[in-house]
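Chain naming follows the written order as A, B and C, and within any one chain the residues start at number 1.
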Amino acid sequence: MGKRLAEIAQWVQGTLRGDPERCIRGVAGIEDAGEEDITFLAAPRYLSQLATSRAAAVIVPPGVSVDRDAIEVSNPYLAFARLLELFYPPEPLRPQISERAYVAPSARLGQGIVCYPFVYIDEGAEIGDGVVLYPGVFIGRGVKIGPRTVLYPNVSVYPGVRIGADVIIHSGAVIGADGFGFTRDEQGEHYRIPQVGTVQIEDRVEIGANVCIDRATLKSTIIRRGTKIDNLVHIAHNVEVGAHSLLLAQVGIAGSVRVGEGVTLAGQVGVLDHVTIGDQAVIIAQSGVAKDVPPRAVLTGSPAIDHRHWRRVQSCIPRLPDLVARLRHLEQRIAALEKGEERP
Amino acid sequence: MGKRLAEIAQWVQGTLRGDPERCIRGVAGIEDAGEEDITFLAAPRYLSQLATSRAAAVIVPPGVSVDRDAIEVSNPYLAFARLLELFYPPEPLRPQISERAYVAPSARLGQGIVCYPFVYIDEGAEIGDGVVLYPGVFIGRGVKIGPRTVLYPNVSVYPGVRIGADVIIHSGAVIGADGFGFTRDEQGEHYRIPQVGTVQIEDRVEIGANVCIDRATLKSTIIRRGTKIDNLVHIAHNVEVGAHSLLLAQVGIAGSVRVGEGVTLAGQVGVLDHVTIGDQAVIIAQSGVAKDVPPRAVLTGSPAIDHRHWRRVQSCIPRLPDLVARLRHLEQRIAALEKGEERP
Amino acid sequence: MGKRLAEIAQWVQGTLRGDPERCIRGVAGIEDAGEEDITFLAAPRYLSQLATSRAAAVIVPPGVSVDRDAIEVSNPYLAFARLLELFYPPEPLRPQISERAYVAPSARLGQGIVCYPFVYIDEGAEIGDGVVLYPGVFIGRGVKIGPRTVLYPNVSVYPGVRIGADVIIHSGAVIGADGFGFTRDEQGEHYRIPQVGTVQIEDRVEIGANVCIDRATLKSTIIRRGTKIDNLVHIAHNVEVGAHSLLLAQVGIAGSVRVGEGVTLAGQVGVLDHVTIGDQAVIIAQSGVAKDVPPRAVLTGSPAIDHRHWRRVQSCIPRLPDLVARLRHLEQRIAALEKGEERP
């Protein structure tokens, strides 16, 4: 089931330069593309790789000439994403509520839901139209899930959590477990502070495998619209993550942190409790954020500092043994000079 | 269903200063409290926030005067926790063993158990009175679980693990998977060392979502009474964590480590194998512990050093480029002085 | 059911020095061994501990004389592993497909499979002979699993993933969730790049609890033969991990990384995207790898540098405040000298 190049150009809203009738059967990287595949050039610097590619056609950024059929688009990466949608459409799922799922009598289910075996839906839950619940999903009492949201196998959603539309939650994620809040009792032992708040996940959020997002103590832990969260991320109670942010794998965010809009937290970053991170800030991998971050800042290190300054600092660190030796040498030379000066 | 202030004062064992008949309908933070809510003042420094709060009443520490009805207690945080229990009692669960659960014939179940659909209880398991097993929980062969313990959805408990009373284990936690132990075989390939020990979780321990606690090679990995473990923590084989410790999110503890009583490991801390951490020690977030830690030490950094010294070191690090420049300048000045001395 | 020492010596292919008829009933560490146990001496330096051990017999490395019955082997650790297999054989499981599992009509199941209740096997899956699928396991459409592979409870395997023979996957692991790939759409919002590739796990790989291995964008994320992965590790899309490597707990590997053969990544190590790590390299715990690593390198730090150099650097870091003070002192002394020189 190939596609004509003209059809592809129209699908990606690009300008065709070449044979509209050429038949394309797949999408592949520059090096792997076969003679019936289309590939893409993310940037002009990859042009040299194209010379040896067998690809029949190529998606290019504006103003780039190539040696074969091409489709020019303003954003080749976006066109690539859309081509993958065209050539690899997901298997359609047949709406049905498995008899092997458990649906509490008072749960309300929308139209066109796919509910696999071994799903558990508790009392008072509301599941929107077209939601997909894979095996082993647990939906607690009173949970609300918006239309077209997909929960992959073994996701646990604790009571009262609200999830928006078009959300994707990957396997093993846990939404709404108790926040980690303790005080001391009269005997000095840890005493649980009941976590009676909830979690609110807005529309178009994506949540990776085995992510943990804890419920708030009183109000809501909130993940705003369009934010994407990678695997094994921890988000503590009372945190608010702004819209369109990216949280990469294994990030840990402590309680009551505010993350702005369009923020990027790279892999394994940690953020201390009650910190505020400004819009569009970028925190480089493995950094530790211990105080507020202004908007658009780029920080690195643990504790994190301005990235450019960090680079200068970092270039000194491997030279420390040399610096110590030079310092010791200077001390000797000065001692000699001082002695010389005393002499006369 | 409001509560009279007199009733609340009695519940938290505090001293009422104000109208005993005032009706309170909820608990909220200082800023969010409405006109029928009670709030709390964790410390006198928050007094200024109280001025603009609409709260009807406030829990205060000893000797703090406020502009409205108040209940004086020795520990406002503890009183807050108890108020949450009073106003937000958990939904009572109806004891029953779901017909959709699987319970092996030789498993022994106590009284008043809640066993949801899709729970699996293997041969020889012993489940104490009042235990709650949510959907997707797996209880391996011969596991013992003490009274009133709660296992949230999709928790896996491997064979032979022993869990005490009043334990809480959140979704996705894995207790008793094989420790990571390998040697080399004659071909130089990794060869599994069978992990024939187990895990022992004592009373009142709490375990966060997606935590992993591995079984010992020969004896037991042990988590002692009252210790609280946050999400995504890794505890390797043969580790022993003492009583009343706090392990924050994403902590990783390698094999055969001994963690003392009342220890705090902050978020993302790593501890190398065979290390001993003394009682009451505190390890600051993201630190790496590579050698034994004395009791009551406070350490930071990777490798971790005394926290106060670390702060002084840390203040130097961003100045390194400046120090290098100053050193170079000194070298030039000394060279000039040395030249001057040679001249005469 | 004890074993004669002669039988044990034969089992571990060692040389018996002592009473072949002595009956041994268990295996234990040097300190814990009772009077009918055998223990082992990993290295001569533990000899002093043996003096107070009650063990009836001991496994020793070549050329070590001890005060009791002994079996000499070239690798005591390997012999210990094999003794554990002898004395603690795993409970045999009865092959059967539970009626409470769901097996799609077009799935193909081999001989001798153990399929517990609440397992879900989707259309077109192929499950090899002797595979064990514990409760809550999800097998997606078209997944292939080789013979004798074991999937512990609540493992999720997404559609199309291929898993080899003799693989072990612990509870909560997620194999084949979507890689974390986004571009920007015309409105500047994050736009999903469909992840149409898969994951390939080769023979004899072991995967720890709650590990996440993402599917590739186009081809395969690959874990090669014999590699062992500890708990809570994240492996992003398009990564390839070579054969016989060890990835310790909480390691995070970003997209398109190449890890060589026999590599060791210690706990909490992070690797940036597109990095190549050479064969036999060792990265010490908590390090961050930001550029290519040559074969056999040993690196530490974030960013990681040569381990031996790192140790020298590390010895300087706690002395930084002292170095700053010495530098300031030198500046004063030089200023004094310069003043003195001007004087005459």
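As a working rule, a contact is a pair of C-beta atoms (placed from the backbone, for glycine too) under 8 Å apart; a residue touches a chain by one contact, two chains touch by 3 or more.
What you see is a predicted model; the values in this text were computed from it and never measured.
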How is the touch graph of the chains shaped: line, ring, star, complete or other? complete
Copies chain A and chain B touch via same or different residues, half shared test: different
Could you grab the centroid distance between chain A and chain B? Build each centroid from C-alpha atoms only and quote it in angstrom. 25
Residues of chain B that touch two or more other chains sit at 118, 136, 154, 172, 210, 232, 250, 268, 302, 317, 323, 327, 330, 334, 337
Residues of chain B touching chain C in their complex? 102, 118, 120, 136, 138, 141, 154, 156, 158-159, 172, 174, 177-178, 180, 182-186, 189-194, 196, 210, 212, 214, 218-219, 232, 234, 236, 250, 252, 254, 268, 270, 272, 288, 302-303, 305, 309, 312-313, 315-317, 319, 323, 326-327, 330, 333-334, 337, 340
Any idea which chain B residues touch chain A in the complex? 27-29, 32, 75, 77-78, 80-81, 84-85, 87-88, 91, 100, 116-118, 134-136, 152-154, 168, 170-172, 204, 206, 208-210, 226, 228, 230-232, 244, 246, 248-250, 267-268, 285-286, 302, 314, 317-318, 320-321, 323-324, 327, 330-331, 334, 337-338, 341
